[in-house]
Amino acid sequence: MSVIAEIKRQKRNSPWSELVRRIEHGDVIFRTLTVVAGLLVVLVTAATGFELWQNSALARAKFGLDFLTGTNWDPVIEDFGALPFLYGTIQTSIFALLIAVPIGLGIAIFLSELAPAWLRQPLGFLVELLAAVPSVIFGLWGLYVFVPSVVKPFAQFLNDNLGFLPIFQGPVFGPSRLAATLILSIMVLPTLVAISRDVFLAIPNAQREGALGLGATQWEMITQNLIPYGLSGILGAIILALGRAMGETIAVTMVIGNNLDLSASLLHPGYTMASIIANEFTEATTDLYREALIEIGLVLFALTLLVNIIARLLVWRVARRIPTEARA
Amino acid sequence: MESALSPVRAAQHRARSNYRTRQIVNRVMLALCGLAALIAVIPLVWILGYVVQRGVGALSLDFFTQLPTPVGVPGGGILNAIVGSAIVVGIACAISIPVSLTAAFYVYARPNTLLGTLIRFSTDVLSGVPSIIMGIFAYTVFVLTQGHFSALSGGFALAIIMTPIVLRTTEEMLKLVPKTLRDGSLALGAADWRTALNVLLPAAMSGVITGIMLGIARVAGEAAPMLFTAFGNPFFSTALDQPIATLPHQIYVYAISPYRDWQDKAWATALVLIALVMGLEIIARGVASWQERKLRGR
Amino acid sequence: MFKSSGLIALLMMAFALFAAACAPTAAPTSAPVVQTVVVKETAAPQVITATPGAPAPASGSLAMNGAGATFPFPLYSKWFYDYAFVDPTVKFNYQSIGSGGGIAQITAKTVDFGASDAILNDEQLAKAAGIQMFPTVAGAEVLAYNLLGEDGKPITALLKLPYTATADIFLGKITKWNDPILQQANPDIKLPAKDIIVVHRSDGSGTTYIFTDYLSKVSPEWKEKVGNATSVKWPTGLGGKGNEGVSGLVSQNDGAIGYVELAYALTNKLPYGIPQNKAGEYVDVGKTPEGVQQAMSDFGANLGDKLAISIVDAPGKNSYPIAGYTYLLNYMNQEDCTKGKKFVEFFKWALTEGTKDATDLKYVPLPDDVKQQVLGKLDKMTCKGNPL
């Protein structure tokens, strides 16, 4: 078809046939589908939040904002407060990420940049295999193997040498927030490693060649080029890992000791929001009791939202500080 | 960071003054990365070894071909749970993968619109909701309205748990596809959807599969949401509107029992579950690399 | 459970349908099926019929779902397995989702029968009008402990706990193993001067309900300060999830003590202690399960309409003090006659032929006086107002 004929044909087009043409082209359908799928995800999230809100009405009315600062959880007299759980969740998930993120990134760098070719596939496989271990198995292994043979001696060591720090105060128990933290840091590794490895692998080689060509060492190339380039993806992995850490139930419940203790010490037993829900929801028989547990779910939901808003603000600030050359 | 200098020039500047230090830092940090890998391998091998050690004794051919037996009745297997898990996870994938991938394209194409921001927030928040809450949610939506437990409600609960992982990973992997590829495709007159399916998705495929496999691995092992949805079933069932057995639920039931016989079966079931997920991963990777070779060949 | 919200349900259906449209492998949502479902046989059961030992499910057999307490799960699954040989036309599916879950499910009628370790309170009875509790078996709890003697060897003897000692330990009032109260009751054991580490269940459970019921009966202080429920606010100690969690914590901590189901202590060979009963005797329930039957009989002469009673701290000389019934829950007036009939038939079988399974698995069958009352109640079940 000549260009002139094409122009003539287009001039003849009414708005209607323009629409038909675009539908035939397929993009209208495609875009509609993406919008619909996106809306579904948003709606499901909103619906979850809404159900949590609606079904905790009794507890919200009874305890109000005191729920967040209440330190008592007594099903017998139906007095409920969320603070010990809120505290436990924040403490364990933050420390778990502090341990897991450097190690996870280290492995990802090792897998994508350093490891000999014959090692990459099997090692990557092994890490992903860890993702397939059900959490009840993590919990049983943690309780019967990991806590007595690693966590307890390690906790004793920390207490002996660093006991003057509030977070390492005694007495030492096996099941503790430290145990939960370590189990969580192992559990989030697959997510962190697998995604950040793929992020590193997806970075074009020109980035590497450019940096090395200018005389950077391999480490400088990684920290100054690869990490800034893949920052968004790495943060995505960290956020998924954080979500996993905050929402994990059975494995944490098995090793944390389930105690309302509010001390700073990592070596003491504690409690998390996900654990209290997992522990008591199925046996909660009165309305107020059940709704208080659902309100814990609501608080966790809100906390996740808050953490993500903070994370986005941080990313935004960091992104502004990274010179654009590195991202080109 | 020296604000006036670009990192590259900063690097050159330091190179002249302090070449040796840089080399040492480089060696030390790279060694630390290797050490990180080593540290992570220890619990990994340990836990897998433990599962094998505890579980392998209860494995036999019967374990794969028979139905569960009560305590004290010898033999018995987990055929119903293997099939049940395949069905429930299959439903979860059928819902979650298309929705996640399509939504990821939206976020990729329009990250800064209101909907784009909302989708990203939603996925991040969903990823932190404990799985038991998702089970209760699916219970409300399906079980209470239909009046009975079903495989479908279980699949639905798992689909929600899986979605953030697949969506988020896909989005990040799409972002890393060089812009030139997309521009090239569009410049050649390809429609958006063609570009998405024939250019972007294949280019990001390896990472997308990682996301899908992480999602499957995660939900295949979830017991908590199954209690109120798929419910469990000691008999063989493939009906979507009936209660159905799943592997993680079976592990849970066996693991909390007082009897050694069942406790051993819990570990064996876990071993089977891990092996199955791994098998799936191998197949998925195999198919992906075969596809990639086919594409390159063209 | 959540109240359903119509709009959201609709949205979710749309979600599912959308997905089904995207992926042809997903079957679309089937129309809501009402309670009675005749299971259509698929081709697959070929495999099962070939399985030696497993009962062949008859074509068009009836599926009956039940849910509830975790404690009787091993026994119920054995009963239903065996019963499939007796009556191949019905398939019972029992799942342990917890007593609270069981009560909620039978109230919402998402299952055909429920199960609970806890006695339903007035609020729950009011919500599920016409519901009846039927005791099936009873179980005992013991105090598993882990203690190294001063010679470094583990102590495994039967530990005797004076009448209020258990409560005082769990209240944090007795804190040392060599406390005179404990040492005097156990002259044959040299108890070391170690701290007692209290371990309790962290998950809500019927086991905790029975244990705290016992503590409330023997100790007014416990009753006032802590009380009795499926979960309580523990004055001291570590929480382990499930029997396995408690036994894990006990076995790893020198000086630990925690309550577990008798079957758990026996089959996992944990050293355990028993409390003194009201009459001042020590009944080793591990050797003589009749101690629990005796406790049932102490209270069992007339259970009344409710058919439910607490049997802790029983007065009899040979009674074991920490024990409780577990119950099946069903409506006295059935909406589905076949299901009602099958339920009653099964129950009668369980109370007679099924007692051997119970003893094998360390549960305690009902004594005759209680059994007669349950059978009498079963005979009064109706269907749409007519006798079954």
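When the chains are written out, they are named A, B and C in that same order, and each has its own residue count from 1.
Convention: contacts are C-beta pairs under 8 Å (C-beta built on N, C-alpha and C of every residue); 3 or more make two chains touch, one makes a residue touch a chain.
A quick note: this is a predicted structure, and the numbers were derived from the prediction, not measured.
Novice: Which chains, if any, touch chain A and chain B both?
Specialist: Chains that touch both chain A and chain B, as defined above, are C.
Novice: Which chains touch each other through the most C-beta pairs?
Specialist: Comparing chain pairs, contacts are most numerous for A-B.
Novice: List the centre-to-centre spacing of chain A and chain B in whole Å, with centres computed as mean CA coordinates.
Specialist: About 14 Å, centre to centre.
Novice: In whole angstrom, how far does the Cα centroid of chain B sit from the Cα centroid of chain C?
Specialist: Distance between chain centres, rounded to whole Å: 35 Å.
Novice: Chain B: which residues touch two or more other chains?
Specialist: If we look for residues of chain B contacting two or more partner chains, we find 98-99, 136-137, 140, 227, 255.
Novice: Scan chain C for residues touching two or more other chains and write them down.
Specialist: Where chain C meets two or more other chains at a single residue, that happens at 1-3, 5, 8, 12, 15, 18, 97, 101, 244.
Novice: Touching at least two other chains at once: which residues of chain A meet that condition?
Specialist: Chain A, residues with two or more chain partners: 36-37, 40, 44, 47, 51, 140, 250, 278, 281-282, 294.
Novice: Considering the complex alone, what residue numbers of chain C touch chain A?
Specialist: 1-3, 5, 8, 11-12, 15, 18, 97-101, 103-104, 118, 121, 123-124, 202-206, 226-233, 237-241, 244-245, 248-249, 252-253
Novice: Taking the complex as given, what residues does chain A use to touch chain B?
Specialist: Touching chain B from chain A are residues 25-27, 29-31, 33-42, 44-49, 51-52, 102-107, 109-111, 113-115, 123, 125-138, 140-141, 145-146, 186, 189-191, 193-195, 198-199, 201-204, 211, 214-220, 224-225, 230, 232-233, 236-237, 239-240, 242-244, 246-250, 273-274, 277-278, 281-282, 294, 297, 300-301, 303-305, 307-309, 311, 321, 323, 325-326.
Novice: Over in the complex, which chain A residues touch chain C? Could you list them?
Specialist: Listed in rising order, the residues are 36-37, 40, 43-44, 47, 50-51, 54-55, 72-77, 139-140, 143-144, 147-148, 152, 173-175, 250, 253-254, 257-260, 269, 275, 278-287, 290, 294.
Novice: Using the touch definition from the top, list the residues of chain B that touch chain C in their complex.
Specialist: On the chain B side, the touching residues are 65-73, 75, 79, 83, 90-91, 93-99, 136-137, 139-149, 152, 155-156, 159, 227-228, 231-243, 253, 255-260, 262.
Novice: Could you pull out which chain B residues touch chain A in their complex?
Specialist: Contacts found on chain B: 1, 6-8, 11-12, 15, 22-23, 25-26, 29-30, 32-37, 39-41, 43-48, 50-51, 98-100, 102-103, 105-107, 109, 115-116, 118-119, 121-134, 136-137, 140, 160, 163-165, 167-169, 171-173, 175-178, 191-194, 196, 204, 206-207, 210-211, 213-214, 217-218, 220-224, 227, 247-248, 251-252, 255, 266-267, 270, 273-274, 277-278, 281.
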